[in-house]
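What follows is a single structure, written as structure tokens, with notes after it.
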Amino acid sequence: MSKIKIVTIGGGSSYTPELIEGFIKRSAELPIREIWLVDIEEGKEKLEIVGNLAKRMVEKAGLDWQIHLTLDREEALKGADFVTTQFRVGFLDARIKDERIPFENGLLGQETNGPGGMLKAFRTIPVILSIVEDMKRLCPDAWLVNFTNPAGMVTEAVLKYGKYEKVVGLCNVPVNHMMSESKLLGKDASELFFHFAGLNHFVWHKVYDNKGNDITGEVAAKVISEEEAGVANIEVMHFLQDQLDHLGMIPCYYHRYYYLQDDMLQKGLESYKNEGTRGEVVKRVEEELFELYKNPDLKDKPTQLEKRGGAYYSDAACELINSIHNDKKILMVVNTRNNGTIDDLPYDCAIETTAYITASGPRPLNFGKFPTAQRGYIQIMKAMEELTIEAAVTGDYKIALEAFITNPLVPGSTIGKKVLDELLIAHKKYLPQFKDFFDKQ
Amino acid sequence: MSKIKIVTIGGGSSYTPELIEGFIKRSAELPIREIWLVDIEEGKEKLEIVGNLAKRMVEKAGLDWQIHLTLDREEALKGADFVTTQFRVGFLDARIKDERIPFENGLLGQETNGPGGMLKAFRTIPVILSIVEDMKRLCPDAWLVNFTNPAGMVTEAVLKYGKYEKVVGLCNVPVNHMMSESKLLGKDASELFFHFAGLNHFVWHKVYDNKGNDITGEVAAKVISEEEAGVANIEVMHFLQDQLDHLGMIPCYYHRYYYLQDDMLQKGLESYKNEGTRGEVVKRVEEELFELYKNPDLKDKPTQLEKRGGAYYSDAACELINSIHNDKKILMVVNTRNNGTIDDLPYDCAIETTAYITASGPRPLNFGKFPTAQRGYIQIMKAMEELTIEAAVTGDYKIALEAFITNPLVPGSTIGKKVLDELLIAHKKYLPQFKDFFDKQ
Amino acid sequence: MSKIKIVTIGGGSSYTPELIEGFIKRSAELPIREIWLVDIEEGKEKLEIVGNLAKRMVEKAGLDWQIHLTLDREEALKGADFVTTQFRVGFLDARIKDERIPFENGLLGQETNGPGGMLKAFRTIPVILSIVEDMKRLCPDAWLVNFTNPAGMVTEAVLKYGKYEKVVGLCNVPVNHMMSESKLLGKDASELFFHFAGLNHFVWHKVYDNKGNDITGEVAAKVISEEEAGVANIEVMHFLQDQLDHLGMIPCYYHRYYYLQDDMLQKGLESYKNEGTRGEVVKRVEEELFELYKNPDLKDKPTQLEKRGGAYYSDAACELINSIHNDKKILMVVNTRNNGTIDDLPYDCAIETTAYITASGPRPLNFGKFPTAQRGYIQIMKAMEELTIEAAVTGDYKIALEAFITNPLVPGSTIGKKVLDELLIAHKKYLPQFKDFFDKQ
Amino acid sequence: MSKIKIVTIGGGSSYTPELIEGFIKRSAELPIREIWLVDIEEGKEKLEIVGNLAKRMVEKAGLDWQIHLTLDREEALKGADFVTTQFRVGFLDARIKDERIPFENGLLGQETNGPGGMLKAFRTIPVILSIVEDMKRLCPDAWLVNFTNPAGMVTEAVLKYGKYEKVVGLCNVPVNHMMSESKLLGKDASELFFHFAGLNHFVWHKVYDNKGNDITGEVAAKVISEEEAGVANIEVMHFLQDQLDHLGMIPCYYHRYYYLQDDMLQKGLESYKNEGTRGEVVKRVEEELFELYKNPDLKDKPTQLEKRGGAYYSDAACELINSIHNDKKILMVVNTRNNGTIDDLPYDCAIETTAYITASGPRPLNFGKFPTAQRGYIQIMKAMEELTIEAAVTGDYKIALEAFITNPLVPGSTIGKKVLDELLIAHKKYLPQFKDFFDKQ
């Protein structure tokens, strides 16, 4: 049986040890030959630190995998079987701006699907599309497993503009929900059936027990009454019970930015005033992590990584790779092409949903139509995403502006334009496609 | 040829003289036998004042029409050919609350499709449904021509819950756009082709000249650069040129509450502080109007009525009645059942669109799919409308709350719930269907 | 753990031993308390014969299950957990007419979705709806597992007109395809992924290997070049290779009646001339089977049953019951509500498709849109099915006629009307709902 | 006001005098400068004959229009305002084959949407696409008014593959229905409202009077009971009253080939035996017409042309040109892009429907969803059309075969393949795109 080659773009990320750990855990099933950690010049130092830790981890596990650290993306991609992407254009400094500028204007930045996340999409999508072009030449049969945020928009860009079919987007939010809710119920996740449908960071789900009962309401009530299993990077703040009753589905914890916009904004502003942006907090955590990683005696993923906020992202990637490679036919929640799974959304857009994972890729369980309440909201969010992606690809300022006006976190054209312009200017270096806009400044 | 019977519910309205004038203008074509002005006990005095003016107007025009003033709705409806509805549950005092309570909470009330308008829907829909039940018994072949706001939601309620097919909703916004834009271009409206599509007070349009050119962009630029023909009840405030370019359609002037929410809110709060609510202004105007109407020498619609803000509403109703009765086969903009005219919206909802008016009712010109930007926004607005209507019919508090959270003028659950609760309590008298909510207070 | 009660309507069927064998095979997992075999007066003798064989089989297996034989449907249904239906209104004599009358008029009868099958639907649907009414009263939480043909139309009738959600329709055609194709490839079915979508007896599928390759074309070629694993009740006759190439999917063997209508008609007429109808052949087979069943020493399903033509139907039912009861989360091909799984068909119709079976019922894998060729054909077949079901429920002759004109096996109104009328008259006894038609004769 | 240039491709057609007459009738409104009659070398003689008649007609009418006769298509198209197409690739000899070969195989040829019409599409679509390419270079703002059959498929090919938006397809079938039904009712067409929806030669309609009553049933009954106003080229043969009642719409007279396939086939075969194909009859009529046209004293359209069978086609083209040029805003039945007008069909296909004609083109009245019976049948017909168009453009034999198998006039693959192959070979000269198929013969 032939062994596989895995390439990780953004290999210098602090998450890499979780990824390596995930592969090691599955080494009995997953016949890895080589793992290539790729990064760019500015990330070289981190790549070396984390790459060496990766090597020590593999060595300790007694595996013969080759670990390559490289700045040469093309060399890495040649003949790859799986490519994972976890890079951050502009590093955490860019995220800090995505959060700070909206706050300074009295708005939530929301670095995944708010104004901040839209700018992240502007920076990230051109890079992912160039990776996809490389893949078409160098490893046209490889699966692209993306967990760079905004994971849904990035997946859609790859499908629609990159015209690359073998892509799956991943997120740890559904995983966290399934884990914490199983724990609340005192059950194993395998005893339950979770059906997720929506968009990345804007997904709802239902829960059924193994007797066929819809226990969504019961779970929702528990989620509210008991303290939720910790999600490091988001305020614990509860949806109204009356709303949960009406929705008949459990919103994901990122829905708080929308359903509880007023409270989240107030909390966010307070916390911004007291501690700075979340990006700054994360930056400090990361610096500590890299200090730990440098220790030549460290040969495991340090537990401190779990504080970082993205726990289980990388593990989900390993699980997906394993499932595709071994045709495991299990359910996972993925970002993939809609194809009518959710009838209320365009056929060719990306959605986040529960899918049956086969060797030929994810096969979503059909979902159908949302109730009215979810339907209207998801439709405006998807329109916002589509406009954002189109602006990211074309660099058309008018489309970017329309995307901002469409985002429910932006309460009007005047403030929307102001925040957009400030963000574009702050990120100018990473936004060559918006040249026309910059030329006019 | 048999003559027709017209019934106007809310006959004591200050708009009635425009309606009567509209019928008089069309007397050569439209064979009226009798007009019944119906009102409720609390509106009796106004009914008498305006009813007597109506009689003087008809007499001056030398017409033999019978004008009946009555509080007995059933007697009036018997055998009617057309029923128009222009009533306001709770009179202007209710509107004042619809505007004041949101302002007091830092929100726009928007008395047609904002929080205020949602409460108006809660008060109005049960009444219109009871009228429809009367019509089914007393005049099952009559057309219901509604221009009570929110005209779109009221029309949808009649179609979906009233199961009454012969209903058309009217609004003066499209008429105002067509008149002012023709004037800006120095053309007659008949030289242009306007294609409207959207929801009531949330409609966009395109303009074509009689050479087949799409002149929407040219018109949009003129609307921005020149002072618009006055719309009495709304701030003049311009959409961003970049947004108009991207939309490729002209938003209606009520779109300002959404696209320019930040500016409209600021202006609205200032104006509320200085002059009180728009409802209070209107109330003063109405009082002056009724003083004028009392004058027994007044035998025409006074020009002061035009200041009132709803000009052309009644005229549109007369034109529609004329077109249906005489199979005129002209275009008008109406609220009617979607039936796939706009592909992005539910098949059975009400939309506002350009229709070809035949004796068998309006036949919308097909519209198709909206561009992304319009699509997302109209979809959340329609979901909000559907939830609002359902809450109005069922009195289900949870649905009402969800409708509030869905409305883009409401920035979160906490403030949404607060404003909803205050509004419900303020209007308790007119909201018997929300008994369960009141019982819990 | 509580044990379950299973009720089989049409318990006197020759298939019952397969069903019992299926339960016995799963006895380790499936905790059965009692099985009720129900039949009608005319089927009493067969019920006793086959019921006693069932008892002997269970006894031989050393199981303590209670086997009840009864003509009292209500008593049987009380508190049931699963109800299976395998009855044939009018017994095989009715099928013989369904086949003979069309042949006499030069048409294919096709007793499942041709003119014959439409009459079978007319006879069967009122009975299944009365069963469903009983179930709502007597066992409202039970699952109805139907394998009475036409299984798709019966399922749709239960969902749409019976308003009963817990229903699954089963067919052995997909099972046969999966088994014979796995065998042709020399693989185990578990190494492949089959994706079926369509209607009962009008379903197409794709095949993927465990490396993710689409091997549909390879399988189709093998199906043509090698002799197919025997399907007892259908002519071996091959689709054109050029058509298979274009479809990109494998049609089921019942598609021959449509795609190869000319050849099938010719063969069918020959065989009708030589051997009489298939119904008559089956009747002889059944008589032999019942002779075997009478033998008190027989304590197993006799292998001769496999000649009967419906092999694996009953086994599929057992597997489904097991999967639902034990939340097995495996894939099965079922007839269930569309809900947008196939975008080209009405949302609320029944389809046949690959589904993930949970304790809360089947969750179809999303399919999306068919290519043009499949799309047009399945749409007319579904319209025919919808009209047939509506005629079966209402007894409206005009709808029945339209259904006939719509069926692609009926080449025109004149012949269609003649065949319909003859069939209705021949089955008058079982078609009380068509009273108006009979009154006019 | 600038005068217009009209180009007629296939100018040598026997219909040209009707076209010229149509323009002359509208000369007061329609400011024509020049008319170019274009034909190919083989049609030169006919072009001269009919072209000279055209000149005499214009002269007699006292008009200063320039009439150009040319074989140079490019010169003709330069700067055109309207281009009409009425050519027949392979002349009537090709049609004769389209009819004869199916009859010889026991099938209806149906030269517009049956097997014959499909071959006509294969011959015509490449030519129309080359005309469109010329138009893009030489007269990119011109409207293309097509009445070459199959008019619906040709229109769809221009829209979908030619990517040319300014195209309208016309047919005389709706005109004939409106004229004959008005006559049957003793009314003027303007007193009625006809709503047509469907495909070319597969269109249904409803009729309303000027009181708003749906009088479709009344009209259908009259159509059956009284002799229809003569349609020269189609058998009078009546739909079943029971079917008409159920449809609730009137099928067009070409529907007979499908709904009454059995009778039409029998009649057709008889008539083929006795008189040869309809094409041969038409050919004799045409020869007589051209003899008449040669007469230098003839200065009007001879009444004999009406026997030809296509009456009102050309007049409809003149009316459409007039309506577009003068922004007449009248209703006409046209073939145009669906855009959701009929919800049951693909968004981008061509349909035939009632449209409001403006200077910017036709605006269909929305139709919505068909009842079940129409829905299924129109969907398979549209799939057949789409496959036919795709085969015509690509020359892919497998798609052509699938199109044949899909057509309800073709009762199976074996006969379908035989007829297709014979037709392709018979028309080899005009089917260069099917080179691969011919190479294999």
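A few remarks follow.
Note that the chains take the letters A, B, C and D in the order they are written out, and that residue 1 is the start of every chain.
In the analysis below, a contact is a pair of C-beta atoms (placed from the backbone, for glycine too) under 8 Å apart; a residue touches a chain by one contact, two chains touch by 3 or more.
As the structure is a prediction and not an experimental result, all values here were calculated from the model.
Contacts with chain A and chain B are shared by no chain at all.
Set against the C-alpha centre of chain D, every other chain centre is closer than that of A.
Note: centroid distance chain B to chain C, computed from Cα atoms, is 55 Å.
Computed centre separation for the pair chain B/chain D is 45 angstrom, with centres defined by C-alpha atoms.
Annotation for chain C: no residues touch 2 or more other chains.
Viewed as a contact network, the protein chains form a single closed ring in which every chain touches exactly two others.
Every pair of chains that touch is listed here: A-B, A-C, B-D, C-D. Against chain B, in their complex, chain D makes its touches with residues 191, 193, 195, 208-214, 324, 327, 329, 331, 339-341, 343, 347, 356, 358-361, 363-369. Here chain B touches chain A in the complex through residues 239-240, 242-243, 245-247, 259-265, 372-373, 375-377, 379-384, 386-387, 390, 397-399, 401-402, 405-406, 408, 411-415, 417, going by the rule given at the top.
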